[in-house]
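Across the two complexes that follow, subunit A remains constant while its partner is subunit B and subsequently subunit C.
Here is the complex of A and B:
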């Protein structure tokens, strides 16, 4: 390395190079680190050591350094049910419990939940403040748990999942009945009549069923259908009732209103189309295709209570 | 060793880079294998039944994990939406685990039992017929394809090699009875794999088609068991915090 490749700084010895020359004369300065940067670096080293002591850090044998940091949270004790303040070493799970228990809006929420839990259905419905709470919390619960089948607004899906916004309840619209539906789930059933009845009998029954809700005018055929419906041949009245208004303990539909849960009956369509829709349905029946899951293991009793009220007010009270 | 020596010897540099970047991973991962409390001690978690294994295979085949995670984190919002945060114990028999890393769709860690079988079938076939705003693709072929379960025993044997307690010998079978109960032990027995797969399909009829065992059957069976094995009402919440 000849002297004329050295620059001024090097010649004066102020800054060293890395000592390596590429292509004969290409060199790299080896400047010292800026002092402020160096001190920041030392600072982070000190900080990391403090950090190890406060938070869980190094593995040691079959356990780990758990840190001195703590989290305190309020929780209802499993055994006694009483709320108690607990302290736990810092970790994300304890932090969650703190978050669930103490945050200001959670406190409000928890108090309100306790109030709802203690109150009966009648009391809640009469209390505007509690109802406001039911509507806001219920909306979230419904959206998460129910909307997948019943739709975001509870409108259902024809033929598959019942509409909850009308006042027509397959399994009953009282608070207790809705509660039961949520807790235990439901499994709608109707026997398939395709083998039991002859095609012309199915036609007659379909025609009769349509007269019940004034979708069709009474005729000879509907009179024959009436006999099948109310006689031993069809026995439809077992579940749909002698008045055809449905027996809610069986989940049997009210056939006298114009609300059609499964068969695609529409006043705008021709009588023939409507008839074949009813006929198809009576022939096939319902078997394990209209299942409402049981929610008692998934939702808390309070959640179920909130949902029962929320669903009830979607469809008008009964 | 001089720095110049490393810089001019690329194989050596590659080796040293690998050593350095491995340290970060190893320090974080390896201790989990010998720390006693990595896996929470809870009752109820059992390996998947043969039908569920096949469903899980289809879950992987269709790439469900690309849009759905199976990992509820211990945050309040996730708690409120999805339920209890996932435990390590709940995926102890998953090889590979399906925690996922992206949620284009919702988390599925606790989807089991949330919807009826019929809904699952309908939703997988045509998601928008039940959730109009959904962007999930249709999976109609799951209903068309019959499930291939001819190699399910081999799949169980492979999982057994990774430490999942499927039983081959009488001794292992007896141990499973003790640990999981008779019904579960029968389903975890490799020797009766195909029979128990067909039995579960017949008994539960997940796809709604009694005469066939479709790929849909297996996938729905798998989805319906997700996150349902641990009964959280049995435990005090503080209990789980002790394991971290």
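Here is the complex of A and C:
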């Protein structure tokens, strides 16, 4: 801006000085704010006072100014699953619940849920859209209810909680069996053989069990173990079956596969270590240490259905 | 200046721009008509799109799709918007460096709507003196009618502006009916009312104050000027002469007389000041308020034509040209901006032209990293996200490469048909048979190959993901 311009603006009154001179000739420009700006400022002051009363604001004694507004929203009751209308004084949480209720994807979710409720297991498993929904909802349900024992990804904990991501199902991997497991719970049981069998016999049985899944080579000891397993002395075949492949109705484990849910058998270890792991387990048995609670009173039938499908797809169909 | 006259707050001085005729006025009117035709009519233009909305330009926020004629922009392509914004920014730098505030003077919506509102004002209340008289006069019936009529017309234009803007975000004919029947969604009404209010206030009342006080672009464009930039400028050398400007008084009627007396060509008629929409006097030189609308050029040329003197006392020129130097348009700065602009446009056009009809991403499920199965084989699970970007169904085939013994199990969904614009998440299990030697590889990788089987043609998408195994490779 040239000096010439300034002079013209000064003459026209657009630019003024504050009127005070320092050191004789030192003056300060006064660049006034526009009036509309001033009025906007007053407006915000008035607005802030109104705001105190419309929305929750100041603390007053033991309570606070609660504001005039109310928010109504629909929410499903946790126990019954029934939806009910609720009214709440204005706050952002109630507002969020209202928004969630109105949101387009909430409607999509409800429609999808109704579709899944109506469909049979076979239908759902074949439908990519429904399976996507089941995985998404099931992940949350699993995280809330199952992950505490079975782990976030369903990987379980060796010796304590079964791994749900492998294809071995103690109590059966069909949709109905998984549903049954969820509804009624399971209580794994195996008698303790520590008092029944002598230590040498336990050794032999352990060796035989290891040969079933090729963790050990057949030997004299395993032959003796085989007799105990299939004879009256041990009677293991009552539950594990003559082929040692387990009986799902009793939760008896398949001993011929590579999965060791409880005894810590590992091909990296020595035969002796593996044998003692199996032996310890056979001696102690399982009694009220592997209990899966019944979920029929804790989860709605829809949640159980969703979880059954979710769990089944974790391990995969057999 | 006395203490009393100091004001802390500035009252606006009302500007009454006089109308003018000329080539720049015609150019501005032309741009205004074209811009308004596009803005107000575009939402009504239909576009044949199977399985998708038939509005030519529709920004579908809930559906997360932007439809722009033949182009459907999805959320993940939103960087094109960033590309477009970068191009507009560089274009602004490029043009402003060359020809000054072209954007402000001819294209800015503030300028266009203010211009339209001034035309309405002029039509109802008359020319500048009539408007000034009306404002000064008492509130008569005539004043109430004229002022009310002007405000009413402004409000109507503002409302239509707000309504039109809203229609870019939903199906225009449906929304129009919904709005009139009072059953449109609340955000539509809010947007409409907000834009009606802002249009009315900004174009009707605030006008040049928006450019002077509010707009950041107005200020930073001045920083792009140099001595070669074309600016609307008063030729002070010619206008002022040796002794300054003077009106057409006695003995100052023609140029010869004036030149012998050392008086310049400016007859101080004030027409250039009266037509200025921001209320400045261009003869004071380049000012930050000037939006380069060039109406003062039309005004001065009209006077010069009447006097039969040469045009161009106020004209588009550069500071160098005014000082008798050569204007250099091909400066490194301009060339640089030009190159960047061309590059940005090329990249954006290439990116749009080579867009894939679908996307596929694969992620390994990391909890657990792997599971051992009953037969000793190792399984990894993956989540595959597919997205059909077309408005037609397509069938995709999913396969794996990389590990010879790996088997893919997707519960029969290896071949999957996606609905138009459908997104889908699938679960894939990959199993590797037990290694008989007991010594396997670790840190293996597999590659998912997603092929388009029908619906369109495209290169297969390949995604390499890790395949985790226990450390002993079992």
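Observations, loosely collected:
What we mean here is this: the second predicted complex is superposed on the first by the 214 of 318 C-alpha atoms of A that agree within 3 Å, B and C clash if a C-alpha of one lies under 4 Å from a C-alpha of the other, contacts with A are read in each partner's own complex, and residues count from 1 in each chain.
To be clear about the criterion, a contact is a pair of C-beta atoms (placed from the backbone, for glycine too) under 8 Å apart; a residue touches a chain by one contact, two chains touch by 3 or more.
This is a predicted model, so every value here is computed, not measured.
In the superposed pair of complexes, A:135 makes contact with subunit C only, with no contact to subunit B. In the overlay built on the shared chain, the residue A:165 is in contact with subunit C alone; subunit B does not reach it. In the superposition on chain A, contact of A:257 is made with subunit C only, not with subunit B. In the superposition on chain A, A:126 contacts subunit C only, with no contact to subunit B. Touch criterion met: A:37 reaches subunit C, while subunit B stays clear of it. The residues of subunit A shared by its contacts with subunit B and with subunit C are 151. The touching residues of subunit B, counted against subunit A in their complex, run 4, 27, 31, 34-37, 74-76, 79-81, 83, 85, 113-119, 122-123, 129-132, 205, 208, 231, 233, 235-238, 240-244.
Taken in their complex, subunit A has these residues touching subunit B: 20, 56, 59, 62-64, 75, 77-79, 86, 88, 91-97, 99-100, 103, 106, 140, 144-145, 147-149, 151, 157, 160-161, 288-293, 297-298. Residues 1-3, 5-12, 62, 206, 209, 213, 281, 284-285, 287-288, 365-368, 371-376, 379, 381, 409, 411-413, 416, 424-427, 429, 434, 438, 472, 474 of subunit C are the ones touching subunit A in the complex.
Against subunit C, in their complex, subunit A makes its touches with residues 1-2, 4-5, 8, 13, 16-19, 30, 32-38, 104, 125-126, 128-129, 131-132, 135-136, 151-155, 163, 165-168, 254, 257-259, 267-268, 313, 316-317.
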